[in-house]
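Here's the structure we're looking at; comments come further down.
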């Protein structure tokens, strides 16, 4: 067994604030809420509503992929040094089953973390079924980014 | 050089209808429009508006990943046998640079296609910069799916 | 919690034979051995030897990626209908840390399976550290493949 | 169209030396040769031989994935600052068709590069067919890596 990770910068107050904060942009459109936040793990969810469903009768796959993208960034904030910025660098997702109603719940976990990068895995469930799995990389940008800013 | 692909089911009338059709779900939220449609290639775009921008000043990465997910499916319809269904099975995306204004333009290409699967690559640009690259798999579900329906 | 998967075609005798079988091709070069095989889960390993190490002092990353590719296919054989063929369709891997000595151990798990496809996640460890994580798709080709054979 | 990349550190002498150098580890097992090297682009190849072919009659998929992993690193050396180290951080590959004989040829291209990271796309051909496409991220480790060394 690999040793468990430790998160020296864990900031539970920030995690609580992020659970309570109202969303904006595409996470606001989806209505994403953080349900649970621990050091290196996150549970978030949104509710399927008519507006998300396409004429085929399922929600657009892009709702799930945007949801995963959102979780990849959010999970990082309470475990990074203060004022760092989490840039979702890349991820890969498998969409396993269609979603047509109920809650969509993501469980994310940081499986690797260095000063500059973290790797996160995410499982997405709906009505007791696994509907997506994802794996991605987040770049941790320190408080004063270098002049080129890119990564 | 690999031989060019041919698309025996290419349906230009359907492609024209898809260019004109109004969007719904997350593609409607983003305001995605199909700008050009050829057999096996697609250009689509959306305009950055204030609602998509987060407090950091860039659009949420999830806007780009949902955009890519949408293009992966749309590109398939005019090249599949009629009444088939394109299920985005999986994809991988690298987010290369932040986007804060202007048009976001995706150029998608089918690089491989069999009876059951296609592989699509996508480049996303904004203001003359490459801002994302993606590669994904679409499962082609024939008109009458088997009883298990899953894939 | 998503319901656990069941594997109706599980063939423990085949799993035992695969544990004992000698390897060939790139798996033979690496010296991969199956250490444990359950329905939908697999543990495999190889030993770092001088020939795998590059001038930098670590094994070539390609040893890990070929190892993951191998496990993706092997895990499928005892859970597919007899005489089916498992085609590794795609996968994504994050390489987390260099490997220079000792055993490299992969733990693979089937997280989704339909008649035509399975999704597998893999964790690779070396000396109590997680050194890679991967996620991939396997296409299950039935005993008599269709004439086009591709997928 | 996105602007073309420029590579300020391009070192054609190093590229020539890498074309001539003998391989080791898994690249030596495969017999990988660099056929062409330009700033930001690379063509490499290996020849299918009996030892790579499995009992099914095709080469092991791991040969292709290890080949891609190798190209991801090699392409970086002549375009990085001297004495930097290219760590393949992650990649995704789609295997499109089986390979049973002839040359396997990879064409790699750097599509994005900052001080710390580059994104590379790779197409793999065999006998005029596209047999794999891949997309990956390389971390550029500067000459004196930080104490934690990880990424």
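To keep things simple, chains are lettered A, B, C and D as they appear, and every chain counts its residues starting from 1.
The working rule: a contact is a pair of C-beta atoms (placed from the backbone, for glycine too) under 8 Å apart; a residue touches a chain by one contact, two chains touch by 3 or more.
Computed from a predicted model, the values in this text were never measured in an experiment.
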Duplicate of the A-B contact set - from B-C, B-D or C-D, the pair where over half of the pairs recur: C-D
Residue-number overlap at the subunit A/subunit D interface, same or different (half cut): same
Remotest chain, subunit A as reference, centres from CA atoms: D
Subunit A and subunit D, separation of their C-alpha mean positions in angstrom: 31
Subunit C and subunit D: spacing of chain centres that average the CA atoms, whole Å: 22
Between subunit A and subunit C, centroid-to-centroid distance (C-alpha), Å: 27
Per-residue multi-chain contacts in subunit D, two or more chains: 89-90, 92, 94, 96-97, 119, 137, 150
Subunit B-touching residues of subunit C, taken from the complex the two chains share: 89-90, 92, 114-117, 119, 137, 139, 146, 148, 150-151
In the complex, subunit C residues that touch subunit D: 24-27, 29-30, 51-56, 59-63, 65-70, 73, 85, 87-97, 150
Residue numbers on subunit B that touch subunit D, as the complex places them: 1-3, 92, 94, 96-97, 111-112, 119, 121, 123, 125, 128-130, 133-135, 137
